């Protein structure tokens, strides 16, 4: 195990970016305003894209550059743009989606990070680049996104959370495994694109049917007693 | 290989064609022709695999396990498309759907079939994931086809829950890739199932265990395992009935297929027993399966909607299959494979009759569906016999598989037969307490028969009956090969 | 080269049944098919079954065969030995009678919208299922045939499905059949797990440890008991039997319950091997409770078919008492007496099949021609339906265990077995057996009371309703069927020695022991243990009864000439001077059983209601008083309703997890994930 | 069983049966006379029952409009079964072939058969009286019959035989012993006998009071020879229970051979025993009041319990 200071700069940079992404995830979790949440999400996409490029440079794998571009276009630009446009058309851009007990939520997120680290500790350490720790971070990203999904009421913020979940996965794919096979990566990108479009369609459907985007109102189908 | 190409490309092409065909009527016929062609190709493929052994390609792999699922998928696709034509025309007449949405419906139907076949035949776990996600995307707009508030709610829940689930599965896939990348030098091959399976013993067990948990939860959401099942009854009940038929008959199977494939790798990785209980995957599946089986049985008692009723029955049966695969061993595996087949056939037949029944009554509410045998005997008897079959009464095939399963449980973990027994009783009573008043009873006023094609139901139930009386040797060998593949030893 | 084998008779019987079922597919279009094809084929099947029975009981070794059906590695095994042959014979006898009874009876449905085709198909599948159960030689074939029998009979119970009560009964029936079948399956599962194979041949050598053997026994007792109707698993029986068409009730009560007994005997005496004494005590206790419970509930019924169904429960109890005694004696290494108990049980099985079918067919005739199932509306039918009345009387005498009819012989044998309790080592057993004998005696006496009530209220006295007053005699076929069964009741009552000789072969095959002493004195004398211990000569008793009848006949015919000139004078009955007696003044069924209700009050939950219709002019003067009474089965209150409530409660509680809120669902996913990750760290 | 096939045995048994049937009314009359004497009334002549029977046999038979064949055949069956039962019981001779033909359980069955038809006859005409009588008769019989069977079982277990001749023989060979089982059995049999033969305190053969009557209610519609047979059968039944009681529990004196001397002793012994029993019965009927109808089940429950305790005490206290 080498000391952190002995690592090449590029690796230190990659870790810094990883930490930044984690921070953006926390920020997302705490962000109550819709527009701000989308902006943070765009920043996260940008950070992810930059991280991918760094990894690509570090490992010299050309297809990671494609991934970097893809994620930049898709996650930092297109999807935020789409979400902002939709929100504007729906008139919810300035809405609040109050975070339930923000302090508690952030503490829970912190606990989750520790938990995730605990989970991956038994993985045997290889003297390669960031691997085990990358998994821990990506696991934490996924978990925090899930936590955000649970704590948000608005459809739009749920979508942001969902997309940030995808970011966590992408992070894992990039840092832990230096990208997936190309066919898989293209497929994933395609799916995310379609999903974003479908989300857009749904916002209107939901608004048309319940006249709000508060998903807590969507509870007609249930098994509980009235 | 050509057969495989045709099998896969038919629905893809049909989806593209149907996306531009304007007339719903012609669309319905194209739909049937395409599924018929696909079924013919799948039969050819199955014949080839039966004769010449498994096809092992880099990207595609067709072995004993998936070839029968491919054949089953195209068969259920065919009969559902036959059922869907008059059904959807009736919906069109009632103005519940517009011709434009019919276009979406037909295109999505074929698109869904394509994703199913792709996920079954691919050798790449990444592609498997992409295809399953594609299946969600293809069907989510079908769930909200009627644009009622309930259907949109159902579609939203379906989309988010399955989306989150599938994202978790992707994380699991990434972890698997991570584990494999250390062992397999060529990164392009590191996600290929056959490669992973061959190198399973060298994979890092801790990573594989974490990956399995993510994959189990991810694909388990699609299988409908309790407590991840919540999207399933909503999506089944609010979408058009042909879609419920294929969701229950196919999607759940394919998701379970994915879980089993992953379990095979996990078992290989954990076999050494260094880091974890070597039975971890099986134990988890047994736990989830049993929970689903019991809880879904209880849910059956409180249903008011006929399609929800049968979707809980699907959860129950998927739980049973998951339990059986988790139990392992040739007897249980054989039973689970058989159960997959007969459950798809029976459940899709049931959904066909359920669709007609709710068209006759004009509602899906159980309390308003009455006296089907008097109104339209074909529908009433179809529903009754289908339910008898699904409840596990001989001479139908479901009984055979449940027989194998129960005896296998008795052999390896006898105490689990107690909850199984309770589950069967609870589920049966839950199903039949609602079913009987629907099919029996006096002629209700103001309900008249509707146009239906009896072929799909008859065909499916006849097949299930045949499988119950005697499994043809060729099919038995198939099942046995698959059993050998999954559990390591065969029965024949 | 064609080589005859008794197995072919079995196949012929099953094929004939199925052919009848196929033919009845056309019955809706051409109703004549029923009369000329469906029922004759069923009758043929009955005859062939009886032939197979005789072939199997003729002392030939067991025949085995395999059919190309079933699992790929396990074809259906078929085995015809003496035990299955005997039960095949029972099925055949009743099927034959039903095939004679059926054409007349199903005419009633030809004008209704119930499908005759369905009735015919399901009857055929039902009979075929029963025939296959008794010859099945592996667990899989057994279960398939068993469930075929259950499902087909479910459709028959639900045949007149427009009545809500029938649907409820059918549901209950199928539910219990399902649970019972799984229990049986698990019982076989234990044997298969240790024997290595599903065939009965492998199971016989399973070599279970005592604990597993007890588990298999317990599961089998419950599973088969659910079908046979042991208390408290009997509740489906009084609901389902009355609502099926009567010839089906005859098959269900007469035969299907016996098939359950067959399964139990096959499991316990054949597959499991050495019994433990405690099994015998359990079976004995179950049998005693069942027989007393059944007869007590029968007494308070006034629906004839329901009453008969409760009597089936009672008789199953008697059979189980015999089996329990057999188990106790076998486990105590006293096979001579064990065999006697087994034979008593088998004999009673045969007898109950005969007289209960006879009674159900009689009830069917009453239902069809008197349009009544309720005893309170019957009366005086002996004048309208003399033949049915005669045969029904014979049925009543047989079921009441009165000499010289068949029911007496089997109860006598059971008593004789019980009296050998003194030879047992264990003091507890010696004390328990006499108590069960006392229970048996009590239920026998109560059964006689009950059938005096049935016969007296239904056939004697004056008609209590208009339809009954104008009832006609049943058709020839229906009478013939009853006549055959009545004659068999007498025949098996008078020739017990020959019968026991045949039955002894079954026990030799099963256990290796027979009753040689019983028949050593020739056909005239039945001496189960030794001549000086006990003997019974039914033919001579019959001779005595015939002498009494002869005396009557002599007086009757000697006075015939005088009577032709001047028949016996008829007058009004004694009316205490209040004017003519009306039918409403007669003792009703409820009234008849009133003292018994008074004595055994805690045994039921009675709902009594007195409806008083007042004169509109004068509000204090009652116009009509009616007394309504029905008895709830206690097992509902203490066993079934709590289970139902528990399941409903559990369903409600489980329903709470599905709140409808997406966030909750996501939380489930999230916490499941965390829990599982926690699990592996 | 060869000894059963000797003709002399059969003939003797037949003769004994005829004798039994012949003297049965006499015993009933003896009880009645004893009772009259005890109650300071003038007793009927010794042969009064025979005169009554002859008179009834001579009278015209009248039927109710609603009577069916069951009504007409029942007297013959009731009487026939009573005769059959009488023929099974060791009376003067202990070893009789009839006892092998039908053992003690058959005896109970035979009596039940008679009762079955008696009750049906009661219901046949369709009057309230008849139904009332049948209902009560069958109810009490349902309780009495198991008690009776229990007594029989106790004896049968003791003697290892249900053959009445063998049982009697067994007791004759046994040394005299005070057995609680026999004591309880005897008590139970006495109670059952009182109930079954319709004596006070269960029923009162002398009255026609609707609140209390059982047996008389059933035969209310009978006339002429039918009534004669019914009356005769009930007298026979009384004699059967009496003989059963004395010969099973106090068998001394009964003859085991056809030797004239021992037969003579047997006749004398039996006469004495029956006379004492009849007198005791009369005494009891004089001292005890008729009980309320719904007290009868308690009475019979006592009988049943006694018989069961008798059997259990045999198994627990006297076993092996």
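Order as written gives the chain letters A, B, C and D; numbering starts at 1 within each chain.
Operating definition for what follows: a residue touches a chain if its C-beta (ideal position, glycine included) is under 8 Å from a C-beta of that chain, and two chains touch if they have at least 3 such contacts.
For clarity, every value in this text was computed on a predicted model and none was experimentally measured.
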{"item": "Greatest separation from subunit C - chain, by CA centre", "value": "A"}
{"item": "Central chain (distance from its CA mean to the mean of all protein CA atoms)", "value": "C"}
{"item": "Pair with more cross-chain C-beta pairs in contact, given C-D and A-B", "value": "C-D"}
{"item": "Centre-of-Cα separation between subunit D and subunit C, whole angstrom", "value": "35"}
{"item": "Centre-of-Cα separation between subunit B and subunit A, whole angstrom", "value": "31"}
{"item": "Centroid distance [mean C-alpha coordinates] between subunit D and subunit A, Å", "value": "100"}
{"item": "Computed distance of Cα centres, subunit C from subunit A, in Å", "value": "69"}
{"item": "Two or more partner chains touched - positions in subunit D", "value": "none"}
{"item": "Numbers and ranges of subunit A residues touching at least 2 other chains", "value": "119, 122, 146, 149, 158, 215, 218-221, 223"}
{"item": "For subunit C, residues contacting two or more additional chains", "value": "652, 654-655, 657-658, 662, 666, 669, 673, 677, 680"}
{"item": "Pairwise chain contacts under the document criterion", "value": "A-B, A-C, B-C, C-D"}
{"item": "Interfacial residue positions of subunit B with respect to subunit C in the complex", "value": "156-157, 160-161, 164-165, 168, 206, 209-210, 213-214, 216-217, 221, 227-228, 230-231, 276, 280, 284, 295, 298-299, 301-302, 373-374, 388, 391-395, 399-400, 403-404, 406-407, 409-411, 414, 417, 421, 424-426, 428-430, 432-433, 436-437, 440-442, 468-471, 473, 476-477, 479-480, 491-492"}
{"item": "Footprint of subunit D on subunit C - complex, ascending", "value": "379-380, 382-383, 393, 397, 400-403, 408, 412, 415-416, 418-419, 421-422, 427, 430-431, 434-435, 437-438, 441-442, 444-446, 448-449, 451-453, 455-457, 459-462, 521, 525, 527, 531-537, 540-541, 544-545, 547-549, 551-552, 555, 568-575, 581, 583, 585-587, 591-596, 598-599"}
{"item": "Sites on subunit D touched by subunit C in the complex", "value": "1, 60-70, 73, 76-77, 79-81, 83-84, 87, 100-103, 105-106, 109-110, 112-113, 115-116, 119-120, 122-132, 134-136, 138-139, 141-146, 149-150, 153, 156-157, 160-163, 166, 220-221, 225, 293-294, 297, 304, 308, 311-312, 315-316, 319-320"}
{"item": "Subunit C contact footprint on subunit A (complex, rising order)", "value": "115, 118-119, 121-122, 143, 146-147, 149-153, 158, 215-216, 218-225"}
{"item": "In the complex, subunit A residues that touch subunit B", "value": "119-120, 122-124, 126, 131, 135, 138-139, 142, 146, 149, 155, 158, 162, 165-166, 168-169, 172-173, 176-178, 180-181, 183-184, 187-188, 190-191, 194-195, 198-199, 201-202, 205-206, 208-210, 215, 218-221, 223"}
